[in-house]
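The structure under discussion appears below in the form of structure tokens.
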């Protein structure tokens, strides 16, 4: 641990972002065609180690199916537009077209509509009917209310996600706050839970029985957590700390809990670096918002953007660059790096000589300035 | 102490700014509503750990009352416009509207008017009459002259403030320079004194009997101390050094002297980081100058801006962003981070699992680039 | 080795770019006229330690001759326009003039034309006829196909070059992949092979029997390897690691394998720094593309820019600055540093007191931020 | 010594620029009026620790007198316009007004005019007649030719200055190169010699018998040495290394050789930091070029800008900011930091509690990013 003295009365650890590391090619190279990008969690196997983030500008039932058919998986926001409204198409247009100075107010108004439990069932059914694995995201403070609807919907994979999610949420004045330690084990479906950004927090989330944890607090480029709240750990360090927690948890329990790097990645190189740091898969939001077929029409926003007194994040215009398929698996017409993320990951692995994601995790890194 | 060799003949310590550190969430989270932001010093309790800086563009008797009613406290500049002029309203307009190339000259002219001791009494009375705690700021070289007026005014809290204030000011040719070591103890009201920026300087200021010390030299974004004079310590380190001085002083005397971080903070996250470094409260100037109801009409300046031969700082235009209340306690309509500073502090503490400021002081930090 | 903990579960080495180092003058100075820039490899002696990179925008048979006459050597791309087309002059104009949004498509189309083995012979003959040393570059996956043509052409010096080239390329589904370990030794001409960017990779390339290795992965300013693929090692470190490999290989075999720093250098100072890190010579592409007499008419591009699904690099417009001769040996009319690269190298050596390149390799470096 | 591994085969020392350090206030403060800025070297005492650099845009006989009368000293370039031309006034105007793309050529033409030894005598006489200490600068390769003229002129202080000057210049083909080791001692006037930038180089220059050495290679903001040649040491480290050499030389010989920091300083704070690193005085060029009464009319340039094949530096337009007096001793109307350099140095010393330059040398530094 690179502990440094901030001053005579306080020390801190040096933390590194993904931008500060780079992968060292090994002494072998491989053909890109021989590289295997598959990832397995619980009973599921995915051809690509990518989860689309549960943002309404990125994941609709339609794009969830598209992601599944391409080999990835997408988390539908179970507290988003598609479970609040029968047909949010008009609202998505409205959000995309609202003037900058009105959009926050409009988001607050649109998200005041309550979540309808029966719409959760309907959306999950739409996705499952297409033959792809269904995945939905909820926030910790709503998950108990929505559990019955989620279970009834036969969702395949549940993501419990917030800016920071801990295994021990302390609440005064509420008789029975959500206790993830017992809640996750009671559920009969695999759960991914996070974000978290430290060894201790990751270890305790692993101990809840989650199949995977989301690592990343304030790591996303569109996040304002770091700036507004001063909170967060640079992502390369956060992942590497969670990796140590995974090793300890595996040693103590024999259970391998997956690490999903969440936020702060824009290119296949970023994804490769996250995996070398220790991630098993990545969760991406903003990069997919630039798809012409994404519901946000070149925009993305998070639930926190609709917070009434302290919004974090807002509607971010990213423009459109290509189809979801182009973004995920190419082809890319140029070298900007935001298209064909999986092709770039595959080529990075080939150049560095790694045939599988588990091999890639063992690659060497250099730290640069 | 991270001592580095600058060269073979000189070493230095590595110092860190608040921008270079970030708070690591703990393994617990809390509800924002359960977080307590209260701060106590001497006989006073404040709901919010914020002192508005004694700048004429920020604190007038009217805004001092507003700050007090919101749970904070504001230091009125006792050598400023409100104690030099019966009614400085016109002058404030003039300063705000002066062309850039004339404003320095105008400031010098306006501040040539002498301070009137009886106006000190009148201003303090106005503030106390509103039922809020009165606080006033003076410079070290004027404090003795103004002591009688200050004591007569029954001021609650005195700030003795300069760019750098030491417990041992050395003067040739003056029979009896201000000796803070005896002066502070003689006063019958709690005194905050600073700025300072090293362990030794902080320790010696604590030994004067001050209730609190201001930490920060050249830390403010509008300060030119660092650039023009080459002097100053990056703020995270300055606070952490003062924290070590506080521990030693507490060990030697049993007295806990408060650390007020002064300068260089713009968001609730910055405030949270200053507290994790060791601050008990913060002094803010520039962030409040953007209040529509601040006297500076979107501008701020310090006394040093009126220096006749070597001005430091000048009139800085910051525009207007919202009311004082919005800046301090929200609501914020967007995620720029400059509104609802206390809401952001509260949320940062909740996410990181800390219920009180003393708990927050124990949080972990990472150092980033 | 400056190993740093990226996090609790992953460490990395600190790597430095050439921009982060500077040469310390020794306690001697010399006259620039007394400095010897000559470099010898195998049976060849060059007055200047520079290889022009095998880019079609930089090296044509004509400019290869010019480089040779100036004391350097240029690698003609043996899979480029001059071995695909009898006369590519029109195509070079077309590439230079294509609109930005069409150039990638045009490059792909133009480079679909097959390489003609007999054109290889013809181009090498043109160069040799002018009395300069002929040098050609091929990619690893084409080198076996083209070997007969290359040998028949009596090429003097062969460069086997790819983004990353390893001594051990692993391929499934191909009966007999290129095995550099045996292939290089079988050839009867000196071979330079690379890029590589680590001690192990460099050592294994040296063991193939190569006369020199190219060091640099993603180091070029026009390269997108680092950004898109996340792969690469900062160049000062990559060269210094290869230097350690050269020492070990020399110790084990008595054979001195040359290190050619490739990419990331724009000025004579950059070249000097690469040599101090351990390089024997440098390979430069982009800096020469700005020659008025370069075939790219102020543009350069690599083969990877024509990749059908994941292009890296593209046509880069650099404008024109002077003649090839001015860029290489001056005179320079101003101090931008991109003209008279060898004059600057010579002067740097004189100021620092080093008479030969081998002496320069022993100079002291400082690391800066 | 902070040695870092650049790679496995090469190490380097970490070096710091003046921008990376800041002065820590001590536990004392002083009145600015009590600060003494005087500096003594050989038989001379100067009220201000400043030498104006021998640039034709900065120092003419007239401004040399003005600098002397203000308490500083100015080095007239003895190979500059005033010793090549009887009256260069017209040429100075021409240089200032030449279009950017013609100025390099004009500089080369103007500086082709030979130096006239009798003009050296005339210029020194003009300066001495005004009652100020005369100082002139020559390059190492001209100093022997001009020695007779310099001695005959009864110059008070000689500066032998080049980009890098070493005690051991090695020349082939010249029977008797300048040997500073014997040359300096033979002269009957105090000599300042440099630049240098390492412990060894500084130590050997001190052993020539020089009264002072100039420290700084490529440190000036207008210098292109670092960029074009890759050569130089960040200035804080260069000064601190020279300080160690001064200690050793003092220990070995009992002689205190002065360190003149040269280049890279723009404000009083920069000057203060150079002194804390170990400088006894500073040499400044560019900051004075902005004087309305400087000969360059808002421009400066060095001799190297007129180099025929590899110019370093060029004519740099800095505009005009105030009189020489304002730049040196104020008053400053604003807080940009480029006026009243000595007032800022004085105030920095007062804030940090140091009464003399020798005390300031002992101040603490922090290293920042």
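In order of appearance the chains are A, B, C and D, and numbering begins at 1 in each one.
Quick note on the criterion: contacts are C-beta pairs under 8 Å (C-beta built on N, C-alpha and C of every residue); 3 or more make two chains touch, one makes a residue touch a chain.
Just so we're clear, the structure is a prediction, and the values are computed from it rather than from any experiment.
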Chain A to chain D, fewest steps along touching chains: 2
Chain whose average C-alpha position is farthest from chain A's own: D
Interface numbering overlap (same over half, different under half) for chain B and chain D: different
Distance from the mean Cα position of chain C to that of chain B, given in whole angstrom: 57
Rounded Å distance, chain C centre to chain D centre (Cα mean): 40
Interface hub residues of chain A, defined as touching at least two other chains: 14-16, 237, 369
Overall pattern in which the protein chains touch one another (line/ring/star/complete/other): ring
Each pair of chains that touches, named by its two labels: A-B, A-C, B-D, C-D
Residues of chain D touching chain C in the complex: 4-17, 20, 104-105, 163-174, 196-198, 200-201, 203-204, 217-218, 224, 226-234, 237, 305, 308-314, 369
Residues of chain D defined as touching chain B within the complex: 1-2, 14-16, 21-31, 33-34, 199, 236-247, 267-273, 276-278, 330-335, 337, 340, 343-344, 347-348, 351-353, 355, 364-369
